[in-house]
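So the structure is just underneath, and the comments pick up after that.
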Amino acid sequence: MAQPIRVTVWNEFRHEKMHEAVRQVYPDGIHEAIARPLSAQGFAVRTATLDEPRHGLTPEVLAETDVLIWWGHMAHHEVADEVVEDVVRRVWSGMGLVVLHSGHFSKVFKRLMGTSCDLKWREANDTERIWVVNPSHPVAEGLGEYIELEREEMYGEHFDVPAPDELVFVSWFTGGEVFRSGCAYRRGRGKVFYFRPGHETYPTYHHPQIQRVIANAVRWAAPGSGPVPRYGHSQPLASP
Amino acid sequence: MAQPIRVTVWNEFRHEKMHEAVRQVYPDGIHEAIARPLSAQGFAVRTATLDEPRHGLTPEVLAETDVLIWWGHMAHHEVADEVVEDVVRRVWSGMGLVVLHSGHFSKVFKRLMGTSCDLKWREANDTERIWVVNPSHPVAEGLGEYIELEREEMYGEHFDVPAPDELVFVSWFTGGEVFRSGCAYRRGRGKVFYFRPGHETYPTYHHPQIQRVIANAVRWAAPGSGPVPRYGHSQPLASP
Amino acid sequence: MAQPIRVTVWNEFRHEKMHEAVRQVYPDGIHEAIARPLSAQGFAVRTATLDEPRHGLTPEVLAETDVLIWWGHMAHHEVADEVVEDVVRRVWSGMGLVVLHSGHFSKVFKRLMGTSCDLKWREANDTERIWVVNPSHPVAEGLGEYIELEREEMYGEHFDVPAPDELVFVSWFTGGEVFRSGCAYRRGRGKVFYFRPGHETYPTYHHPQIQRVIANAVRWAAPGSGPVPRYGHSQPLASP
Amino acid sequence: MAQPIRVTVWNEFRHEKMHEAVRQVYPDGIHEAIARPLSAQGFAVRTATLDEPRHGLTPEVLAETDVLIWWGHMAHHEVADEVVEDVVRRVWSGMGLVVLHSGHFSKVFKRLMGTSCDLKWREANDTERIWVVNPSHPVAEGLGEYIELEREEMYGEHFDVPAPDELVFVSWFTGGEVFRSGCAYRRGRGKVFYFRPGHETYPTYHHPQIQRVIANAVRWAAPGSGPVPRYGHSQPLASP
């Protein structure tokens, strides 16, 4: 039988400690809310948070991680550059990365995109509808035509990322904006999926369809067994 | 000085004859409303309509057309297959094609896409906001962040087209839908741009920003002077 | 346990009957050479050939096919248009399609691409090296950096297809040409993979790495459980 | 009349000073060899080199540059991080960037790609054939089906860059390798083109077709007048 995919859920874990409103929604932290349904489906899940030594992302942890999930918001600047570099190099060598919501401004995502990753935002009373525009993509497995989130923070275009290799979701917001909310990228031997929803004051990660997308993204982003390219000086190939 | 780009605006031209409401908006036909601002900008414009012999698209007309604009709706099936084939082959050999609104279901567009080109639609009271998601694309020249059309027919995802080579616009509709409303493709040596708005009962083609997009799309789709590939049996290349 | 993927290997099966040289390489037909290693890996495989009633592709067979593999060359024009249309519609509704070698000129592939699908070719003494340019793509699983085929027919650029959604392989030929030899597309809910090698006079389909690519492509192209879009008239979505 | 495009050709300018063999090919430096044919075609060209203050790329120079051309090789690490950041931000705000040959390993290119940008290489006796795979792309204007360079350094796949938004050229090398040698990207409001050839010991930049590609790339990468997105907090849009 195949080994389970090893997932590390990384969370900044600050809002939950500082704001009662967030703690009520995510009493054990956003990371636990994300980790639990993944564990229940048979993934081998651990968590890591900003205030642990090396943010919980030691070389050993990263070496044992097939897919890293990333949620951060208020303390992106506190993530050490050397850890960022370790994460980026693990992605290049095959680790999957699933970046959630305000993680668009994390150092790791910006580093892998090469753009500002900026966007419009608003905390108000918007409903979000996440439309599937790529129905044969693995990240859309088991979904309906759209996911409706009654209340979410708005993120609006222009989203300053490279054109995704594959665009899977586009969001609609009550206030008049759209957003490319499910974006798939390849970087080196690794895969990166950005998924928009998940503001800390809304119960988004308790939504079964959102959990489904995250699980799908983990499966899609898991490392494969494709070739490991050799780089550098190279002899001519012998002709038969 | 460069020769002007030669544009042929093709219109089905049936709604305008049959429905007083359409005639009030486009008294000379949609084709004239599209052609006039292009002529005013210096393009060399002619028009062609369904009920002309060979739908106005004789081999001579096609040979003298750099970019063909296509509006059709109720009579797609009346377009002769041989004319469709002529248009497709001209695109392959370099002619640009700008497909508007209900032209998504035209034979020429479906033939070039290889998909059903189906979508959701509704004639109601929707406002449309056409957001630019690709601000450095030539078709977005001179625009603001979005174009707002107070009333338009809704087109919604899933839009069953191949993932566009370049996605330029995404639309928002009041009723809750999104749509990839500006899609750029290359087919053979030709370029194809699909642009969503333009229902016959709304004054969309009188909107200066819509006219701007159409002019931009014509410039983008105009034939270049890239290589003309040779196909078929081929000798090995001499080694220096 | 998951059901095995149901594969139908379609072969024109004419060269093998007419040319002794081909029969020596593929005594039971190219379809059997492709089918056997797939069966051995647990796929549920059947075959179908041109000269069977409806070319072996009855509505029942297509309905029970998850992935269709297509090899054809000298008799593309004998494939009935109604069967082509059935195949295309099955792809749109989710069936995978793996098109091999001279299948680039098949009616089904040209219909799904919307281009001429033309290319350069030469039967000579070329060696082909198929380089992986997308090492994290599922179709590259288990491969080295390149596959070397000592003798193959040359196919050279320009290959007149739409820019692939994902480019997986690029081939090198002794005579000086390159070719985009592994091209992944999505059409409707279905996936299409074009894989270049497999001239009838060479033992290409007996090569373990080529067999590996075909099996990978079948797995990649197998239908998923993503949303089934509804098209046509659509009511506004209720606002919460 | 339109203002000429303002081009800054940046060159490391070290090989030319240190190696007689290079000086014989490029007596005034690679930058002058690149600049001269651009000036002759009416571009407004200046040059800048590593050993000037701030590498010749002061904020003033960057502000007056529409397209920056970059050649570097042995001293990438000497380019100051703050200048790299200035260049990257100018690209995001619209400046075009044309990266040549060993510039694949420059800090600016790696920063914009988010990957290692590694590759295979060999200095030997390879001939390079640069095939056009995208004949309608503006960078292929005026070219034949391929450009042949009798002697060039080999660069081979895997080239560790994001899949290009548009792939324009693929190279063939005598020794058996292929390379995606013309890659177009959008980053923010800016455009980036990577073009492979140009080893310092070969007269590549004296080749008229190579000069043509560089001029085409400059025209393609020149800033447009598309929307300037606003980011950050955003009010809901008024409904009509």
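A, B, C and D label the chains in the order they appear, each numbered from 1.
Here, a residue touches a chain if its C-beta (ideal position, glycine included) is under 8 Å from a C-beta of that chain, and two chains touch if they have at least 3 such contacts.
Quantities reported herein were computed from a predicted structural model and do not represent experimental measurements.
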- Query: So which chain is the furthest away from chain A, centre to centre on CA atoms?
  - Reply: B
- Query: Expressed in ° and rounded to a multiple of 5, what is the rotation angle of the C-alpha superposition of chain B on chain D?
  - Reply: 180
- Task: Compute the distance, rounded to whole Å, between the mean C-alpha positions of chain A and chain C.
- Result: 33
- Note on the structure: In whole angstrom, the CA-centroid distance of chain A from chain B equals 37
- Query: Got the chain D residues that touch at least 2 other chains?
  - Reply: 129, 132, 134-135, 145, 156-158, 163, 165-166, 174, 176-177, 186, 188, 227, 229-230, 237, 239
- For the chain B and chain D complex, residues of the former touching the latter: 94, 127, 129, 132, 134-138, 140-145, 148, 150, 165-166, 174, 186, 188-191, 223-230, 237, 239-240
- Query: What residues of chain B sit close enough to touch chain C in their complex?
  - Reply: 88, 92, 111-116, 118-122, 124, 126, 154, 156-158, 160, 162-163, 165, 174-177, 185-188, 227, 229-237, 239
- Query: Of all residues in chain B, which touch chain A in the complex?
  - Reply: 129, 131-135, 145, 156-159, 163, 166-167, 170-173, 176-178, 180
